[in-house]
Amino acid sequence: MAGIVVRNIERAPLDIVDGLGVCGVATVHEAQGRTGLLGSHMRPIYTGARIAGTAITISAPPGDNWMIHVAMELVREGDILVLAPTSPCEDGYFGDLLATSAMARGCRGLVIEAGVRDVRDLKSMGFPVWSKAIFAQGTIKATLGSVNVPIVCAGAPVNPGDVIVADDDGVCVVARADAASVLDKARAREANEEEKRKRLAGGELGLDLYDMRGKLEALGLKYV
Amino acid sequence: MAGIVVRNIERAPLDIVDGLGVCGVATVHEAQGRTGLLGSHMRPIYTGARIAGTAITISAPPGDNWMIHVAMELVREGDILVLAPTSPCEDGYFGDLLATSAMARGCRGLVIEAGVRDVRDLKSMGFPVWSKAIFAQGTIKATLGSVNVPIVCAGAPVNPGDVIVADDDGVCVVARADAASVLDKARAREANEEEKRKRLAGGELGLDLYDMRGKLEALGLKYV
Amino acid sequence: MAGIVVRNIERAPLDIVDGLGVCGVATVHEAQGRTGLLGSHMRPIYTGARIAGTAITISAPPGDNWMIHVAMELVREGDILVLAPTSPCEDGYFGDLLATSAMARGCRGLVIEAGVRDVRDLKSMGFPVWSKAIFAQGTIKATLGSVNVPIVCAGAPVNPGDVIVADDDGVCVVARADAASVLDKARAREANEEEKRKRLAGGELGLDLYDMRGKLEALGLKYV
Amino acid sequence: MAGIVVRNIERAPLDIVDGLGVCGVATVHEAQGRTGLLGSHMRPIYTGARIAGTAITISAPPGDNWMIHVAMELVREGDILVLAPTSPCEDGYFGDLLATSAMARGCRGLVIEAGVRDVRDLKSMGFPVWSKAIFAQGTIKATLGSVNVPIVCAGAPVNPGDVIVADDDGVCVVARADAASVLDKARAREANEEEKRKRLAGGELGLDLYDMRGKLEALGLKYV
Amino acid sequence: MAGIVVRNIERAPLDIVDGLGVCGVATVHEAQGRTGLLGSHMRPIYTGARIAGTAITISAPPGDNWMIHVAMELVREGDILVLAPTSPCEDGYFGDLLATSAMARGCRGLVIEAGVRDVRDLKSMGFPVWSKAIFAQGTIKATLGSVNVPIVCAGAPVNPGDVIVADDDGVCVVARADAASVLDKARAREANEEEKRKRLAGGELGLDLYDMRGKLEALGLKYV
Amino acid sequence: MAGIVVRNIERAPLDIVDGLGVCGVATVHEAQGRTGLLGSHMRPIYTGARIAGTAITISAPPGDNWMIHVAMELVREGDILVLAPTSPCEDGYFGDLLATSAMARGCRGLVIEAGVRDVRDLKSMGFPVWSKAIFAQGTIKATLGSVNVPIVCAGAPVNPGDVIVADDDGVCVVARADAASVLDKARAREANEEEKRKRLAGGELGLDLYDMRGKLEALGLKYV
């Protein structure tokens, strides 16, 4: 079933994508009903980056990064590469040369449930990566995988064209069809939080702000 | 056995707490006979913070952060929240809103054997956290836990009012009753180290400084 | 078999060592046929350091750092301490006092498949460490190990005098006898990459630059 | 998005399911192009069981097994329960009472990326389970999840009605629509292997049986 | 603080201990409010053993099993050895000679958050062990620990004389003072389960048996 | 550096090998100075096997089992295949067909720091395997590795012709040149243990048998 490349995919609109990026991972995850998170082992190679983009998906054999080159041709401004190996692997599929190529084509970053290398260069280039490992182990170009097929990356299903949001909290995927409504909910959530933040900053307790005391008492909470 | 909140606890005196904070984790751990460390999987969400405070302990169900709100009411200037889930969990119990509330009440930080989120905000707010994971996964408010009961956090027993010291080396707990004597020993240790540091910086060997050559030879160390 | 210290070892020449350091881990690993990497769990305690040096090897019992003192006497300008415990351990074998001593003797850093502490001090001193853990747990001085014997550290065989290269990508070892030829290959690789980088930055695809299209088609890659 | 129960699902036909069960995990995985495996951390609680059935999927909150009761009503002869928690959890969602209920309704087993308990009873009852952990930790019944919605279990996407094959090698899922064709391929593979097994048992080498020598030589394999 | 041996400890009465052993880990854990479990990484070296006994606690340095010999003198009929290393370790502290000695003194088993060896012999001797690892790595006898002091083993606090229950589900500790009341609750729970088991075996659903349908509907569960 | 096959290797004599196999892993490990153990993550796929043999070493790319076929031609009566992947991998390199071939050539078992499959068949065939994982994931035959070169397997250096001893305790390697002397020491150790076993079984304490009381007192052990 490997060896398939889907050239034309539908992507979530970039204005919605960018809106989701501003909201960030935690808010977007909440806004879509606490779904879409990739596993917590997916960590940024440097802190401070916050990106959103549309997924170019890559299914690659362990230790073989050939399909990244195939995927690169399909990258458009605003895309994020999302790679899942066909079996667990932490080899360094991606380094500064691939990042150079990706940036030249408008790619905003990489999400990879495997390893990455040249991380000092990637940081100085400003090319953010969320990965399972930092590992210099070289890869080969011998076996076919697929590009722009549905994959599962770090426990989350990702389809080509889905929105990827990534920041210091990790990575979240939003289905393309849900992107607009999730953005609405995310913004509503942010507006709602602003008021709460002020009251909490003023010393008000969540117990009162969220009116929890009665429920806690009803459940039998005992102060001693 | 859940559902208990102890309102009034005895806390270690803040001047002693602050003294221990200056000494730092490694020194305090040594000073109390190499005990009290939490497991090495408890890592700071950003580097450079060094805090000490008195423990408000929280025992919470997996994926349920309700008890943090209950605990918040009990926080005083100088406290640190210490949360252990009742079974292993890496969900994001704590984010920027709770940090806002905590800071408003004088809380110095959070130690949690679970996950935390909004870490970029927490860093910019200067609210330090030591956690098992960074994970945006949302939590619910449905089930009771307890506050200010004895807990085990990351392998270390923590009682309410104990001293928590945390820095880039990890987290150490000092029993309230031992705090003053541990501080004395920690300061003695520091004074003692200053002299050694100078001699080692001058090129003197530990072999000579600590008079080890004879013992090594007696045990049969062979130079070849 | 423990209790052996080899005083005189042959070291790779420092000019070659320094050349390899400039190339960095990923390039050196590739240049020697994708070998020599230590496991990806060996992480720097702070980012940005890039060092190379000659290995002083230490085999130490779990939780016992005595042999580091023995090794220190043998350190010369340009050396790197490489420690493997005789069974898995994450205790903090090394801190700021030992780093002070090491720096006084010209040591460039530490690679340790165990724990390290005082990491804030080590960072401010500029003494880089790659370790399996950051853990303040104290160690003792009771049992003999060996110095400058062949060890396996994080899965890689290391002999005394071998070249250690370490940066944000991890750690790589180069056998002393191969150092010069590996440096030649690493430099050739770098020169070769410079041209590629320019072409990729200009938007050329790896598919064309590396002439991959024919091979992919021959293997049956299907565009749909 | 939680709180949905799909009553009526299409299931793969049981004669095909049973045929896949006879083939076993490794053969079925190969027959469908090396896809469908759940992660290797999914281990049987006792060895020797080999089952196949149709998936009743359960998405459950961490530490809350309420949805298993909801799912039980939907179980038919030949079904297998497949549970994925909404965030990582190893609590004991399932024990001998639930197994009693499941067996009474024709359930063939449980696949759960979490914990299970009463494993001695489950073994003596002959109710097989593949799980991430064996852990007695009790769960609650407080929060809604969903039943018979698409889930990702141990890295593999599972839809209700899909075929689950499980044995000592682990767990494999076959999409309902592919079940018949995968069975054909699996049987062809088995027939093909029988002949090979005889020749290999007679001492013939794979090098000759698969005609590998030429290819190896062409790639440059050197005998020394 | 190491180097303490408490000779005389109070133990839970053996008839209560034995009653708890009959109930098993899962039931006892539930009966005491879902507390007392050791971490799920504590696994039996062979299946089928179910024991209960009174804890002789051992705090031992990493890789040093000397204190087991010290503890052995204090073992009485019905005791279980419980060892926690002072820092994480998987060395093989215990083998067939120590098991021979332990059995001669009436010891019922070992719970150790470290390694064990000679497991084939231990199985044939019928000496059960729950451990973190099976590992032949030898240990030394060089440094003091303590015996019969409070310890934390695999995340659970254990005091000398507490009841340890262990079976294929793992290990549970019951505080000595609570043993009698926990036994009562455990037996009540078992009696209560018997009736449920029969009804579930007859095909009745938990949904009806536990009267869950109304609550689920009230929370908004939707059947589609 | 891959692509090398060494046809002729020197093997440890089989009578010595068999003697070491009778002694078992723990005894052999002790006899050679507590060295040679592979990591504790190397577990038998079924319990009860105890083997010894001479190593045929295999260095293989991740997910590629081609070199096992190459190695098979070199297998002689008494050999054990030892495979280390060039980067971490848990794919199922080996199953019942390869085991059939191996048994036909006198191979005694497999030690592999990766995955294995068809484990039910391997058990019924009586072909023992020690592996890092049980995983059905199929592998390919596309890239060269090497056979009978020095490797590091699960942290232990293994050279072709070395003795491999494996049982329920794990795996130990003995250098070919040391095999005879290690066997002598292992047998001496066993003889010595027999006497101790009897005395311990009679209730004598290790404290007295090994004359430890004085040393413990001298170190300051306090009975309270």
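We just call them A, B, C, D, E and F in the order they show up, numbering each chain from 1.
Throughout what follows, a residue touches a chain if its C-beta (ideal position, glycine included) is under 8 Å from a C-beta of that chain, and two chains touch if they have at least 3 such contacts.
None of these values were measured; they are calculated from a predicted model.
Enquirer: In this assembly, which chains make contact with subunit A and also with subunit F?
Expert: C, D
Enquirer: Are the two sides of the subunit D and subunit E contact the same residues or different ones, given that same means over half of the numbers occur on both copies?
Expert: Different: when the shared numbers are divided by all numbers used, the fraction is under half.
Enquirer: How far is the middle of subunit C from the middle of subunit F, if each middle is the mean of its Cα atoms, in Å?
Expert: Centre-to-centre distance between subunit C and subunit F: 28 Å.
Enquirer: Between subunit A and subunit B, what distance separates the C-alpha centroids? Give it in angstrom.
Expert: Their C-alpha centroids are separated by 31 Å.
Enquirer: How many angstrom lie between the CA centroids of subunit B and subunit D, rounded to a whole number?
Expert: Taking the average C-alpha coordinate of subunit B and of subunit D, the gap between them is 42 Å.
Enquirer: Quick one: which residues in subunit B touch 2 or more of the other chains?
Expert: Residues 34, 37, 40, 86-88, 90, 135, 137, 143 of subunit B each touch two or more of the other chains.
Enquirer: Which chains touch, pair by pair?
Expert: Final set of chain pairs in contact is A-B, A-C, A-D, A-F, B-C, B-D, B-E, C-E, C-F, D-E, D-F, E-F.
Enquirer: Taking the complex as given, what residues does subunit B use to touch subunit A?
Expert: 3-7, 46, 66, 69-70, 72-73, 90, 92, 95-98, 100-101, 103-105, 115, 117-120, 123, 133-138, 141, 143-144
Enquirer: Sort out for me which residues of subunit B touch subunit E in the complex.
Expert: Contacts found on subunit B: 1-2, 32-35, 37, 39-40, 86-88, 150, 152, 155-157.
Enquirer: Applying the document's contact rule, which stretches of subunit A touch subunit B when the two form their complex?
Expert: It is residues 24-26, 29-30, 34, 37, 40, 43, 47-48, 50, 167-170, 172, 193, 196-197, 200-203, 205-207, 210, 212, 216, 219-224 of subunit A that touch subunit B.
Enquirer: Show me the residue ranges of subunit F that touch subunit A in the complex, using the header's touch definition.
Expert: Going by the criterion above, the answer is residues 61-63, 86-91, 135, 137, 140, 142-143.
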